[in-house]
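In order of appearance the chains are A, B, C and D, and numbering begins at 1 in each one.
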Amino acid sequence: MSILLSSVLNGLSFAALLFLIAGGFTLLYGIMRLLNLAHGALYLWGAYLAAAVISGTGNYLLAVLVAGGVVGIATVIGGVGLFARVQGNELREVLLTIAVSLVLADAALAVWGGHPVGVQAPEFLRGAADFMPVAFPIYRLFLMGLALAVGFGLWYLIERTSVGALLRACVDNRAMLASLGVNVRRLYWFVWMAGGFLAGVAGLLGSIVFGIAPGVDVQILLLALVVVVLGGLGSLSGAALGSLVVGLSYSFATVYAPELLYFIIFGPMLILLVIRPQGLRGANA
Amino acid sequence: MRLSVTSLAAQYGQGAALHDVSLEVAEGEVIGLIGRNGMGKTSTLRAVMRWPEPTVTAGRITVDGTDLTRGAAHRPARIGLGYVPQGRMIFGSLTVEENLSVLTRAFGRATVRAGLTRVWDLFPKLADIRNRRASVLSGGEQQMLAIGRALVGQPRILLLDEPSEGLAPSIVDELTGAIRNLANDGVGILLAEQNLTLAVSLTDRLLVLEQGRVVLARDSSGVDINDPTLRSHLGV
Amino acid sequence: MTTLMPQLTSRWTDQTNQNRRFLAVVITLVIVAVAPMFLQQFHVGLLTRIFFMGLLAMSLNVLVSLTRVLSLGHAGLFGVAAYVVAIGVTRWELPFLTAAAVALVVTGLVSMLFAVMIVRAQGVTFVMITVAQGMLLWGAAERWVSVTNGNNGIRGVRPPEFIQTANDFYWAAFAVVAVSVFALWRLHTSFLGTRLRGTGDSPTRMTSLGYSNAWHRFIAFTIAGLFAGVAGILYVGYFGFVSPTTLHVGNSVQVALAVILGGSALFLGPLLGTAVLLTARTWVVPVTDRWNLIVGALMIVTVLFLPNGLAGAFASAWAKLTRRIPRLAGRRSPDQNAPSAPAEPPGSSQPSGTPERPQH
Amino acid sequence: MRTRRWLPAVVGVVMLAACAGEGSEDGGGQFEDDDGTSQDDQADPGDAGEGGEPVRVGVLMPFSGPVAVSGELFVKGWELYWETHGTSAGGRTVEWVTGDTQADPSVAVEEARRLVEQENIDILVGPLLGSEGLAVGEYTESIGLPQVYGIPASEEFLRDIPDTIFRYGITHGQVSMPFGEWAAEQGYERVSTICSDYVTGWEICGGFINTFTDNGGEIVTQLWPPFGDTADLGPFMAQLAEQDHDAVYLGMPVGDAVAFFRAWTDFGLLDTVPVLGHHVTSSPSILKAMGLEAEGMISAGVFTGTLDDPVVEDFATRFEEAYGEPSDPDPALAWHAGALVRHGLEELDGDVSDADEFIAVLKQAEFPESVLGPLSVDEHGNVLYDVHIREARDRGDGVMENFVIDTYEQSGPNFRYDYDMYVEQPAYNRDYQGFDWPENCDAYISDCPLD
């Protein structure tokens, strides 16, 4: 019984982390229609920056600001400087993001070295929650709460605010929106910034669970891709659903079908994509 | 305020769309741009509105001497041009009101509030369905919304691309009335239209586009809609 | 992007030009065939690798340039062939060529299976399905230890008896790749190639003409997989072993980079891209550890500024040169590699007159 | 599209020009060091003119990709060795050139070929991973190049190793088998294992289980998280928390070990049972990433900078002075590779033309005092090591190090088992972990714990 409960909890907390990791990715795809394959590299840089700030100052808030801010600004620069030039050409966009991720990952290796780095949660989130029937880390509970908050926040931003209306209008028809007098470029800066910020902060959040090592970027990218593609590209609720599917199936497979772990992430995704290319929550393409 | 287009040439990718288009629209004037499909009406309007395509390869677009040929895509609207595109292109995932209020960031709260009042006055029907998603509106309602949206920024010149397309005659009449009212209010109008009768009845002056060139220019008052040259240009 | 128009322009039907082109091909073939006699062993090996990795890139380009989709799982099919040969030779003790035949059949079947999965997919979804396919194959190579020997891979694969030296292998690889490239060329210029291009460029038009896009995508994917299999057989023959990294998505990415670097629009562009990448690597790696950074930067430049890749850049540079010095070009034109008239810059064969509708 | 006509020619010409351009150079003559430091600076001026062509050594390691740090550490140790001892050996100057495997076996082979054919190396040192080693070994054997391979190697090498390789490193089982016996003798009866689900993890776990169960220990459960840094370890922690065991045996390398320890701490399991580790889970850089909670982790390994041995102390001090980080097994292995190359050259008076001879010399070499402790070679060419059981502690300045608490002297890859019978068993894999082998004492050559 307790193994069942802990499987559910683990699945949910992993799902929460996946959702947080995929947030920036799905935002950029949802608004910009950009399949950002450099997402993992942005995550990696966020993770390293945050770890450096934490080991230097111990200030987690500062780490969030630095990781999110630097990665966000870098994303804006990259977005405006590079992607604006190939926007609309899917193939070139994809290749450009791959190229950027190669550069970023190798630069990270050059700058930060290849030693593994461990990041601890802030003091008040360390250790296990003793009020639970099973041992469960406080940090993972925090992740679940945070994922709910971020999910709700993004939903509110997009569906209920004027910025959100602008973003939705931009998705509907960006040329039309510009013809009405809206500075779409500035809107893009905002989206780049937000997507980069989320990726950078995800680096901090994820590294507390996974640690940081070269190569994490590719694995994070694959996880984000699976989650987002399962759910339906660009759909926030899809990303949430995709996270839940991957998180729970991974958690249960670990316990009940461990020999399938290598296939548990990509197998279902493949089957789903074949049956329903638009993902669980995606609109018909 | 006067919009001047001089010897405009533009292309989609490698394919030329406009070769030599010149026209002028001033406040209070209604200019008709007529021609068959694919002759460059929509391309002209898009080029003026600085759409990503077609790309302008030659010529100048100015408003009162301000060059609009290059620069950011939102400048024409900020300077006072309103655009009602072919096919309406309303934002389907936004409500009716959001379709209008989305321009708050571009024009400021006060302007948009005034704009809203004006749109509700012009199209009372829209006021009743202001919280409905735009994607579920009827064709006529969508067209009203598209015109209303273009008016929010208080444009001095309005570019209309086939507003009557696909609409029932009664609704066309309603729209024609609205457009006439706008013209009477002093808004300059550039109307791209295939419907010759409608164009003649609305406009002061007609320009005929063929293969991306202006081939004929006449005052509407003198136009006989059965004129064989005109009809041959329009393919009717 | 430029495509090689299969309906040859009237100039191409010109007999002299045909002959010149034939001569150019023959001379190139002869030069490449005798090359190992004058090269160091390392360069013979390098060229051999360029042959089969270039063939892999060209097989991927069937998808990129014709059906306009990018596969990031292509190294998976390449790896399947390599694994089947390795298992055939080391476990079942088949002769290499028999194992190679089996490998082609298996790769073909796997390609068809995968092709069925992608027929409906577009753009990003297509990319993702191929990623998943590649990752599953990689997972199988890692985890199905009783068959694949897991992470250690399978070693001890000997090429057939008649291949004794590196030069022998070079010639064998050259022959196989030349035949494959010729076959791919025939595909590109055939009516089938035109139809495949149609599914990429204007699927709706294909449908209205009564062709099935799904069927053509299936064919394109299968053909691409088969030629990847040929490359995989050469790979395992050359290296003598195969391990899971061979079919990892990272490897697929490298292949895609070669295609784009060389230029997918020109038939031999991917081969050129592979040649540049593999050669540059042997120069760069001794100097710096930052090879990936350099490749990435190179790719960024290519994607941003050279839409037709290096081959395209060479083409337009050549066009400029010949335009500027027409007489020089004229003098050299009887020779094999100088056109008598300026070459058209890439991009000039865009279908004209049909304005694309802006994206909504 | 006239451009097509010249394209085959251009491709061909580019390919040939690319090669020919380099072909005219003789790789050997104009060698400049690849690591940014000039060879001349490193060569002891007194030895420089000591006659003959220099001996060229290829150091083949990953310098890019996920395991680049191991390659960098290795080169640091290698350079430090020659800086310390001078670059002359057996009457010849030693030069080296590096090759980057990118952790990909086929790239490793290609780089080996480049080093041989372009850089004219006489000896190859490396590479890192088991899969790379197996692939490169095929090649070096085919051309008769001596290869000195020292990184913890696949057990597959015990069963099939080319004659041209001197494998001076350990196998994972060589370290984990003594540890299994030690754990049982310490009174651990019920242990759960968690090892990465690939060849390294299988071998780390297999060795431990083989001897631990021989000595009456019981494996409660075996968990196999996928190898890779983003596997969620939460469900595994939940399962470990459920078990009634008195220790957890950890065999997840480097970054995965850090993630394990983070999860282990966060799930509140730190104070429940001890974690027993392996050297891949407990080098100082990993301990640093794990944080102070890793204090007290017991692990088995052959190198630790804290060993009470003047040679090791000397190396550890030099390394830390030179690079500002605690010494690590990778540079120690590189340092010893240097010592081996020097030994071979001196024994053969600098003549390395015969690979078999060179390897034979190394296989006879005894190092009573090496940076890796006293080393001897058994009749199968495997190096016997002192295997240490160590405990992780703060060494006093905030740096975590491993301190030896027990030692198994001169232990080989077959530990107490009969060599032939041991290698008749499959290499450890997920299905074969040595649970039921051996059934009786026939397979033991000493101290059989079975009745």
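Here, contacts are C-beta pairs under 8 Å (C-beta built on N, C-alpha and C of every residue); 3 or more make two chains touch, one makes a residue touch a chain.
None of the values given here were measured: they were computed from a predicted structure.
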Partition of the remaining chains by touching, absent chain D: one piece
Most extensive contact between chains (C-beta pair count): C-D
Whole-Å separation of chain centres (CA-atom averages), chain B against chain C: 49
Between chain D and chain B, distance of the C-alpha-averaged centres to the nearest whole Å: 73
Euclidean distance of C-alpha centroids - chain A vs chain D, Å: 35
Centroid spacing, where centroids are CA-atom means, of chain A and chain B in whole angstrom: 42
Residue numbers of chain A (touch at least two other chains): 88, 106, 172-173, 175, 262
Per-residue multi-chain contacts in chain B, two or more chains: 51-52, 89
Residue list for chain D, restricted to those that touch at least two other chains: 64-65, 68, 197
Of chain B, residues touching chain A in the complex: 49-52, 72-74, 76-78, 83, 85, 89, 91-94, 98-99, 101-107, 149-150, 152-153
Chain C to chain A touching residues, read off their complex: 64, 68, 70, 117, 120-125, 127-129, 131-133, 135-136, 139, 142-143, 249-250, 253, 256-257, 260, 289-293, 295-300, 303-304, 307, 358-360
Chain C partner contacts - residues on chain D that touch it in the complex: 1-16, 18-20, 22-23, 34, 63-65, 68, 97-100, 102-106, 109-111, 113-114, 117-119, 130-131, 134-135, 138-139, 154, 156, 197-200, 429-431
Chain D contact footprint on chain A (complex, rising order): 2-3, 6-7, 9-11, 13-14, 17, 106, 109, 113-118, 120-121, 126-128, 130, 134-140, 206, 208-216, 219-220, 223, 247, 250-252, 254-255, 258, 261-262
For the chain C and chain D complex, residues of the former touching the latter: 2, 4-5, 9, 11, 17, 20-21, 24-25, 27-28, 31-32, 35, 38-43, 45-47, 49-50, 142-143, 145-146, 150-153, 155-156, 235, 239-241, 243, 245-246, 251, 266-269, 271-272, 275-276, 279, 282-283, 285-287, 289-292, 311, 314-315, 318-319, 336-339, 341, 343-344, 346, 349
